[in-house]
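Shared between the two complexes below is subunit A, which pairs with subunit B and subunit C, respectively.
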Partner chain A sequence: MNVQTQIKRTAAEEALLAAFAERGTKLPGDAKVAERREEAVLLLQRGLPNRKVEAWHYTDLRRLLSAVPSFDAGGPAAPRAPLLEGSFVLPVLNGVATPPLAIDGVAVSKVADRLADGSLAPLLRLEGSDDTVSAINAAFAADGFVVDVPAGAEVAAPIELQNIQAGGQVHTRFAVTVGEGAKATFVERQAGEGDAFVSSVSHLQVEDDAEVLWLILQEQPEGANHLGRISLTMGKRAKVTLFVMNSGGKLVRQELRIVAEGEGSELRLRGVNLLAGDTHCDVTMVLDHAAPHTVSTETIRNVVTGRAEGAFQGQIRVARHAQKTDAKMACNTLLLSDEGGFSAKPELEIFADDVACGHGATVTEIEADHLFYLMARGIDEKTARGLLVKAFLAEVVEELENEQMVDALEARLNTWFAEHG
Partner chain B sequence: MLEIKNLHARIAEDGTEILRGVNLTVKAGEVAAIMGPNGSGKSTLSYVLAGREDYEVTEGDILYNGESILEMDPAERAAAGIFLAFQYPMEIPGVATMEFLKVAMNAQRKARGEEELKIPELMKRVRAAAESLSMDMAMLKRPLNVGFSGGEKKRAEILQMKLLEPKLCILDETDSGLDIDALKIVADGVNALRSPDRAIVVITHYQRLLDYIVPDTVHVLYRGRVATSGDKELAVELEKNGYAGLVGEAA
Partner chain C sequence: MPAVQETIEQVRRIDVDQYKYGFETLIESDKAPKGLNEDIIRFISAKKGEPEWMTEWRLAAYRRWLTMEEPTWARVSYPKIDFQDIHYYAAPKGMTGPRSLDEVDPELLRTYEKLGIPLREQEILAGVRRSGEPSTLDGDGASDNVYQSGRVAVDAVFDSVSVVTTFKKELAKAGVIFCSISEAIREHPELVRKYLGSVVPPTDNFYATLNSAVFTDGSFVYVPKGVRCPMELSTYFRINERNTGQFERTLIIADEGAYVSYLEGCTAPQRDENQLHAAVVELIALDDAEIKYSTVQNWYPGDTEGKGGVYNFVTKRGDCRGRNSKISWTQVETGSAITWKYPSCLLRGDNSRGEFYSIAVSNGHQQIDSGTKMIHLGKNTSSRIISKGISAGRSNNTYRGQVSIHRKAENARNFTNCDSLLIGNDCGAHTVPYIEAKNSTAKVEHEATTSKISEDQKFYVMQRGIPEEEAIALIVNGFVKDVIQELPMEFAVEAQKLINISLEGSVG
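On to the complex of A and B.
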C-alpha cells in the first residue's frame, strides 16, 4: 500500500496554483502552449523544492518563498536609461513588452504574439523535475521579446533587454538567436521599484562562429524576489562571454544552463555577486561540454556584507566524446562581515579521458596589512576598504574588452559600496 | 614637533612588550636618526607612530605639535601630516598605482579643507616627482607595488612622500635593499624635503644611509628604550665599535 503524505501547501504554493486556475486560460498561447503550461503546473502542484532537492540544497525555495504578491503592479513601470549609451533598448514593463523598436537588420517580435501563434511552445518545455524556475515561468509567462540576429550581421550597438517591475508578479521570457558568424552584445537588465515576485527566463542560441557578449544585470530592490534563468546553446567555434552581476533582491536565484554543443566553442563565464543586508543569492550553473575541443572558464567573485547569504553551484559535465575539453572554474569570496556567508559547490562529472578540468574556491577577508598601508596614506577606512573590494573585483570586470562597459560596471561597484560598504 | 614620552607598547595579539619607555623629542627642521640592533624596537616604534592596530600603547604618550595622536587612526594621522615610508611596502594587486596616488592626495587635501587636484595638475606633479627619482612612469601604470623590485618599492615610497608633502617623515630602513646608486637617488629625494618646518626621522640599522642623509641628532634604541643620544659623530662611532660598546654592559 502506498502511503501518501500530504504536506500542507505554503501560502506561496496555494497562491500560485490559485492564480493559474484564475488566469491560466487568459494567458496568450495556442493549444500547444496551453499544454506546456499545464505540464508546468503539474510540477508546481508537487510543491516548491526544499533543501532536500539537491539542485536547491542552498536555497530552500519552499521556505524562503513563503508568500507571493498578487499580480497587480503597484503602479506604472518606466524604462531605465541603458547601461551603455547608444544601446537599443527593448523594455518589458510590468510584464508587458513595449512595441518593438526597429533595429537595423535584426528581427524583433513580442513573446505574446509568438505564444499566440504557438511558435514559442517548444521553449516552454521543462528540463527535469527540479526545473522549478522554468515551471513557474512557463505557467505564467505572458510577454517579452524574441530577437533574431541574422547570419553574418554585426549589430551596431548593444541591445538592452529590460525587465522592469513596479510590484506584483512579473513572468517574462526572452528568446534570442544569433546567426552564423554574427556578432552582438546584449544586456539583460532585471530591475524595478516594487516588492515584486519576478521570474525571467532567457534563451540564447549562438550559432556556428558567432560571437556574443551577454551581460545579466540583476539590480532588484531589496524587497523583490527574483528567479532568473538563462539557457545558452553554443554552436561550432561560437565564442560567448556571459557576465552576471547580482547586486540586489531579497531572494535571488540565477540559473545558468549552458550547452557547449559545437566543437571548438568557447565560453567565458564571469560572475560578480554583491550581497548586502538580508539578501539570499544563489547562482547555479550546469554546463555541458558536449563536443570535443570546447573551452570554458568560469570565475565567480562574491562580496558579502551584512547578514547576506550566497551560494554558487557549478556543475561541469564532460561527455564521453568531448575529448580535449578545457574547463577552469574558480569561486572567490570576500567576506566583509561575520554574519554573512557564502557556500561554493563545484562539481565535475567527466566521462572523457583526455581533458583538463580544474576548480578552486577561496574565502578571504580584507587584509589588515593592505588596509593599514592605504590608511597610512591618509585614505579613510571606508574609502580604503572600498578600494580593496574594487581591487578584488577589478580583475573580472576589467577582463571585458569593452571599455565603456568596464566603466559602467565599475561605477555600479562604487555606488553599491558607497551604500553598503 | 614630535614628543614621545615614556612610551610603552606591546603586540596586541600576544601581549609581548616591545617598547619599554621611549623618550624622544624631534624639533621642526631636525633630521633625527634612530639606530639600534635588530629587535630593539625600531620598526615597532615606526608602526606605533603611524597608528598600526597590531600594537597597543599601554603607557606614555605621543605628542605631535603638542597634541596627543594616540586616539587618531592611521588615516587621520596621515592627513595631519605624518608619513611612514615602510620598510616592506605592501603589494596590493588590483589597485592601480596612479588611482591610489590620486585618492591618497585628494583624501589628504580634503581632510585639510583644500580643493581636490584636477587630473592634469595631478599628472604634472606625479611626473615631476617620478622624474626626480629616476622612476619610469610606466611603473605607475601597474598595480601598487606589484612586481616592483625592492629598490623600486623604496623609490615609490619616497615618491609618495614627495607628493603628499608630510610634516613628519618617518623612514623605516629605507636603505635596505638599495644599491649605492639607488641609495643616492633616494637620499637626494629625502634631502630635497628638508625644510625648517619639517621633521625627518630616519630609522636605520647601518650608518651608510647617514653618509647621504646627514642627521642632526642620533639616538640608539636598545631593548625598547633610547639608550643613548648624540650627534652624527655617534653614528660614526657606532659604525666603528658596534652597538655592544655603546650600550655597554647591558649588551
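On to the complex of A and C.
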C-alpha cells in the first residue's frame, strides 16, 4: 500500500549526519548561519538523491557515494603553481584559506570571517529540494575566499582560486563580485591527492557591463569524489565566458546554475570533459534567460574512454517576458569505448514566443572517413585517432581569446592523451 | 489591423462550435456501479464471458495496481483523479459485443454516420450514399474521409464495447483476424495468451496496470505469415456515457513477413467534467514484418476556459521482435485536455527499425506531454524521430523522448528532430530528450529548435494577398509537412484540416 516506509540510511548518509552532529557547533557562523546549516541538514536527513529525482537522473548519488572519509586529511597540502603565469593565487589548503594576498584595488577576505559575522548567511540558502550539492556544502562550509572587484576596475592579472587537499573531507565556498564595467579573469582550480570527498560552491555576481572569463579546472585524483557548483548571475549587458574542464575524479558532479538577469547579457559556456578509467562525471546546467535580448551559446565536448560514464544535462529556460532570447546549445560526444557510456539530456523550457532557441546532441565514434583520410597519408591509426580527438576538443579551447590560456589547456589535453589516448 | 481583428472576433464567436464531434448520443446503457474493486473486475470479466485465466490475469493486475502510485514526473497538472468515482463499464443496453448490424440500435448507427464512419459494408461498397449526397439522416452528417473510401475495415468501439467490425469476412479470406479483443479472448485464446502483456507487462506503469485490470474493449489483429493485409484496418473509439472511463486494449501481431497498416480515431462529447481514457496498445512484429500505426487523436479538448475534456493517459509500445522488422508510429494529436503518451519501439531484432512521426497541436488550456522511446537492443538497428509541436492559446506542449543504445546494439543509428512552434505569448513549449549511448559504434543525432512564425515568413505570404489567418495556416502546414507525408493519403487530408481547426482563434 501507499505507506511510506522509513528509508534505510546508507553508510554515506549516516556518516554525513554523524559528522554534522559532531562538528556542527564548532563551524564558524553566527545565529543566521547556524539556521541555514540546520536547513541544509534537514535536507540531508531526507536522504541523498537517487535517479528518481529528475535533476539526478544520471547520477544516483545515493548509490554512487558509497562512503565519505573522515575530516582528517592525513597530511599537509601545498598550493599549486598557477595555470597562467603571473596570476594572483588564493589557495585554500585542506579546507583552510591562507592569509589573503593584497591585490591592487581588489578586496579579498576569508569566508570563515564572513561566516562568523553572518554577512555570508544569505549565500547558504538552498535552491530547492534537489540542491544537494549546496546542502552538503552549506552544512559544512568552513572557509574559502570572498573577492570583490570594484566598479570600473580592470584586474591586471588573472586571479586563481585554488582548492587543494591531501585527502579527507573538504567543503569550500568562493564568493566573487565583479562591479559595474569591471573586467577580470578567474581560474577555479580543484585538485589534490588521495581519496578525498570535496564539495566546492562558487558564487559569481557579474554587474552591469562587466566582463568576466571564469575557468573551472577540475583535475582531482582518480580516488576523489567531487561535488562542484557555480552559481552565476549576470547584470545588464554583462559578458561572461564560463569554461569548464573536467579531467579527473571518481564521482564528479559539476553544477552550473546561471541566471541571465540583465537585459542584453551574453553568456558563452564551453565545456571539455575528458573521461577515463572508472570516472563517473555529470555536468548539469540550468540556465535562466530571465530578461529580454539575452544571448547564450553552450558547447560541450566529451571524450569517453575505459569504463567511464558521462552525463550532460542542460536546461535552458526562457521566461515569458524574455523576448528575443537567442540560445543555442550543443553537446557532442566521442564514445571511444564499448565499456563506457554517455547520456545527454538537453532540455528547452520556453514560455516566450519570440525567441530562437535550439539544441543539438550527438554521440558517435570517430568518423571512419576522417580516419581513412589521415591513414591514407601514411599516419598510423593511433596517431590519426589522437589527432582527430584533439581536433574535436581544440575547436572549443581555441575559441578563447586568451592565448596563454589556450596554450595551457592544450598542454593539459596532450598530457591526458599521453596517459589515456 | 482591423481586418484581422474582425477575423479573430469571428473565430471567437464560433469558438465552442469548433469541436464538431461534441454531440451526445442519447441511448440507454448498462453500467457497472461506480467504483473499483475485485467484484467490479469479476463483473467486467463475466460480462465479456472470459475464461478463468483472463479473470485471474486482471485480478493480479488490480492487486498490483493498489500498491502503485500515480506518476507525477510529466509536465501536466490536474486535480487528483478519484478512481472510485468512475464507471468502469458502460455499454449500450443489450449490447455485449459485436453482432449483425440489423440488431444494432439505429441511434448508434446514426451516431457513427454523424461522425462520418459508415458501418454498413454494402453501403460503402455499393457507394449507396456517395459523398456530397445529402444524408438520409438530418443535420450535416459525414464529410469525405478515409472511412468512406471503401478500403478500410472498421472496428467501432462505443464506451466499453465493440459495436461492430466491418469487412471481417473479406479479411478472413486473406487469413487476417480482425475483431474486438473480447471476441479474440473467446475465439483465439492461444494467440491472446501468448502475446497479451508481452510488450506492456501488466506491471508496467500505473495506468497500464489499471488498464490491465479493467480494460473493456479494443481491437485484435493477427496477420499470418507472409500476408500483406489487403486493406487498412481501423478502430474508432467513442466515449459517450457520463463519468465513465474508457480503457481500451489493442493487440496487433504481424507474423513473419506480414504487413499491416492500422488507423486509430477517437472522439468524445462535450462535457464539463473530465473523462479518463487509459489505453494500452501492444504491437508485435516478427521477422521481416512491418506494422504501420497511425493515430488521429481528437478527444474533446475542453472549452476555452479549460473546463472539461478528456484525460488521455496512454501506453503504446511496439516490439520489433524479429530480424528486419519495422514499426512506425504516426500520430496527430489535437484533442484531449491532457495527453500523456509515449508510443515506443523496442528494437530487439537485428536490423530492425523504429519510426515515430508526431504532430502535437495544443490550444486553449490543453496540456500535452508526449514523445517516444527508442530502445536499441539488436545489432544494426535504426530509429528516426520527427516531432513537431505547436503551442497556442494558454497551452503547454512538451516533447519527452528517450533514445537508448544498449551495450550490445552494434552499429545502432538514431536521428531525432523536434521542432516547436509558439503562437502567442501565453503558451509554453518544452523539449526534454534523454539520450543514452553505451556502444561506441552507435551514432546518435538529436536536434531541436523552438521559434515563432517569423515576421518575414508571414509578410512574404500576406504580401501575396493572403489574409493573416490563412497565411499562418499555410506556414504551419509547411512546418508539419514531414509528418503529414507519413500518413495514409486520405488521413493526411483529414489531419491537415484538423490542425487548421485546432489553431483557429489563436492569431492575435
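Following the convention adopted for this analysis, the second predicted complex is superposed on the first by the 407 of 421 C-alpha atoms of A that agree within 3 Å, B and C clash if a C-alpha of one lies under 4 Å from a C-alpha of the other, contacts with A are read in each partner's own complex, and residues count from 1 in each chain.
Heads up, the rule we're going with is that a residue touches a chain if its C-beta (ideal position, glycine included) is under 8 Å from a C-beta of that chain, and two chains touch if they have at least 3 such contacts.
Since the model is a prediction, treat every value here as computed from it, not as a measurement.
Shared-chain residue A:Lys26: touches no atom of subunit B or subunit C. In the superposed pair of complexes, A:Lys8 makes contact with neither subunit B nor subunit C. Of the two partners, subunit B and subunit C, it is C that touches more residues of subunit A.
Of the two partner chains, subunit B is the only one that A:Leu388 touches; subunit C does not reach it. When the two complexes are laid over each other on chain A, subunit A has no residue in contact with both subunit B and subunit C. Remark: subunit A residues 368-370, 372-381, 383-384, 387-388, 390-395 touch subunit B in the complex. Against subunit A, in their complex, subunit B makes its touches with residues 50-54, 73-75, 77-79, 83-84, 86, 89-90, 92-95, 99-100, 103-104, 107-108, 111, 143, 160, 164.
Within the complex formed with subunit C, the subunit A residues making contact are 1-2, 54, 57, 320, 333, 335-338, 340-365.
If you check the complex, the residues on subunit C that touch subunit A are 66-67, 69, 73, 405, 407, 420, 422-452.
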